[in-house]
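Please find the structures below.
Okay, so chain A shows up in both of these, paired with chain B first and chain C after.
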Partner chain A sequence: MDRIPILKFGNALLVTIQVDMHDRLATALEEDLTSKIVAHNSRGVLIDISALEIVDSFIGRMLDNIAAVSRILDADTVVVGMRPAVAITLVELGLSLTGVKTALNVERGMALIHDRLAGSEADDADDQD
Partner chain B sequence: MPTTKTDRVAIKISDDVVRVRQLTRALSVEVGLSLVDQTKIVTASSELARNTLDYGGGGEVTAEIVEQGGRRGVRLTFEDKGPGIADIEQALKDGFTSGKGMGLGLGGAKRLCNEFSIDSRPGEGTKVTIARWK
Partner chain C sequence: MAAQAGVGVASLVSRNEKTILPEWVELQKKAGILHTGRISEGELQSQSRNFLHLLHEALTQGGTDTSGAAYEPARAMLADLSRTRALQGFSPSETATFIFSLKQPLFNALNRDGTLSAEQIASTVSTSTALLDELGLFTLEIFQKSREEIIVRQQREIAELSTPVVKLWEGILALPLIGTLDSQRTQVVMENLLQTIVDDEAEIAIIDITGVPTVDTLTAQHLLKTVAAARLMGADCMISGIRPQIAQTMVHLGVELNVISKASLADAFAVALRQTGRAVVKTRRIEGFALPGKKSGGQDA
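So, the complex of A and B:
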């Protein structure tokens, strides 16, 4: 079966979804990401969906699940590049994706993850005082 | 309502859901729906195709370009011979699912289209029709 490639990018993982995913492919991505977060000790997951023409309830649930699992594993998930028409449709569908952080593009998404990491390192330093 | 084009796609495996999305997109482009309206009906078609597969045990969709009073639109009819829906009102409620879903598919598809109708009888099957007009 096909798999969606996951790239390691510093302490984050980057996934670019470029195909119209069937449901098994989406489920496989969820599983692959979870094991890669653990294997690489990743602190962030960036999912680029700029090529996706729709997000339906199945893919929405996948994004929510990835965010929830990565949070438990101490990694932040940021979904980037959602098309405006997709965002409008998602709201009308009733999917709020409350657990998912979003950013306009990969650069801003990376910045979000790094901000959070910088913040937590500062906290660690405070703890040592 | 005159139909100017008809396509049928069997819905038996999850790749067929992708195929239904692609056909819906192609017809929406042909009719000249706006990008947002295309996205809405393609999303609705994905929800209904998956319901046909997951709950209806498979079935088929009939996709048409229809014309009425000078307006053109895309109409999709999903049919299966599955267990049917006993309580349609409940099934349409956001958040109601008998499976592992979020219960958004049916209600969402209704909101995303200009026309929505559902005909289902327990033990006989389910038929859901949606349309989006230009």
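So, the complex of A and C:
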């Protein structure tokens, strides 16, 4: 069965969706991602959907779910590279993915995660004082 | 019977072409066609001559059936004429006069013609009246259609004109909205904005609604959709230029825009600059104020 590769990138995970998502693939990704977050103790998840042309409500829900699960496991989810047509579709479907952070491209998304990590490390340092 | 009547009218036209044409043109002039200044006398002459010629041919070939193939050239010419006149800004009655003013010269010719019996005259009158009425209606219909086409085209142009996306700074876009927002326009606005966000890699988009006359629940929903879509793409949105009355109406309606909103575009721009880590600094002091003892360089405001 096809799987979407999940790459470890420092203390973040990078997922690049380059095929059309069907429902089973989406469910598998959700499960894989959850176990990888725990396994690598990751603090951020970056999902690049710049190649995704078609979304439906299920994929939208999946993105929301991933974000919710990651948040419980103390990792930030950033969705990057969404196409205009996809954004419009999701909004029309009523899925504005409020729990998900977004960025224009992988670079900015990574910067977002790093900022957050730097912030939380500073907090930790403050706590130790 | 119809073909016979057509031949009757046709022969009447061909026999009296020399008198009908000047009379017809004269009548059109009297109706004030030339006073509008939109058409020259020569043009009117040639249009009338052309049409009379085409009408004559159609009558001899196809009788009085104006929807038939024989009338194709005459109809095409009429369509062309009314379309041109619609574009030139003629009124409907001015356009219809072209056909209807042909009746009088035709009847005059009929009266002068001594060879016809009373019965023939009566049938020719009724045939030609019906014929010209049909053609007149056709002219008006085309005229109306052309006007509608113009309106549709202008609407589209207005929609395109009123949705520019302006780049204020590296990574900061502004979208000054002007006019009422309906679903169709919102769609265009949204697509424009999102595409520009991708092209310019913008981080912040400011939607300025100074030019939006009213904001009702529907408009607010459209705005929120645009903001949500921009957020999904990874850009932050701000709304600026909400006028006092509109702010009141929105509160009364219970509309809530859960985005950063600023009173003016300038305020929103300042926030955008701050969020992207930039600041505007004054580089030169105005001399007259800063150093009153010194002579001002002639550049103070």
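Note that the second predicted complex is superposed on the first by the 129 of 129 C-alpha atoms of A that agree within 3 Å, B and C clash if a C-alpha of one lies under 4 Å from a C-alpha of the other, contacts with A are read in each partner's own complex, and residues count from 1 in each chain.
Methods note: a residue touches a chain if its C-beta (ideal position, glycine included) is under 8 Å from a C-beta of that chain, and two chains touch if they have at least 3 such contacts.
Not measured: the values here are computed from a predicted model.
With chain A as the common reference, the superposed partners chain B and chain C fit together side by side. In the superposition on chain A, contact of A:I88 is made with both chain B and chain C. Judged by the touch definition given at the top, the superposed model places A:L104 against chain C, while chain B stays out of reach.
After overlaying the two complexes on the shared chain, residue contacts for A:L52 are found with neither chain B nor chain C. By the document's definition of touching, of the two partners only chain B reaches A:H22; chain C does not. In the superposition on chain A, contact is made by A:S96 with chain C only, not with chain B. In the superposition on chain A, A:M62 makes contact with neither chain B nor chain C. Centred on chain A, the angle reaching out to chain B and chain C in the chain A superposition, using CA centres, is 50 degrees in steps of 10.
For the pair chain B and chain C, the least inter-chain C-alpha distance in the overlaid model is 7 Å. Of the residues of chain A, those at positions 83, 86, 88, 92 touch chain B in one of the two structures and chain C in the other. Residues of chain A touching chain B in their complex: 20-24, 53-58, 60-61, 83, 85-86, 88-89, 92-95. Residue ranges on chain C touching chain A, taken from their complex, read 190-191, 194-195, 197-198, 201-203, 225, 228-235. Note for the complex: chain B touches chain A at residues 14-15, 17-18, 21-22, 25, 35-36, 38-40, 42-43, 46-47, 50, 94, 101-102, 104-105, 107-108, 111-112.
Taken together, the chain A residues at the contact with chain C in this complex read 79-84, 86-88, 90-92, 96-97, 102-105, 108-109.
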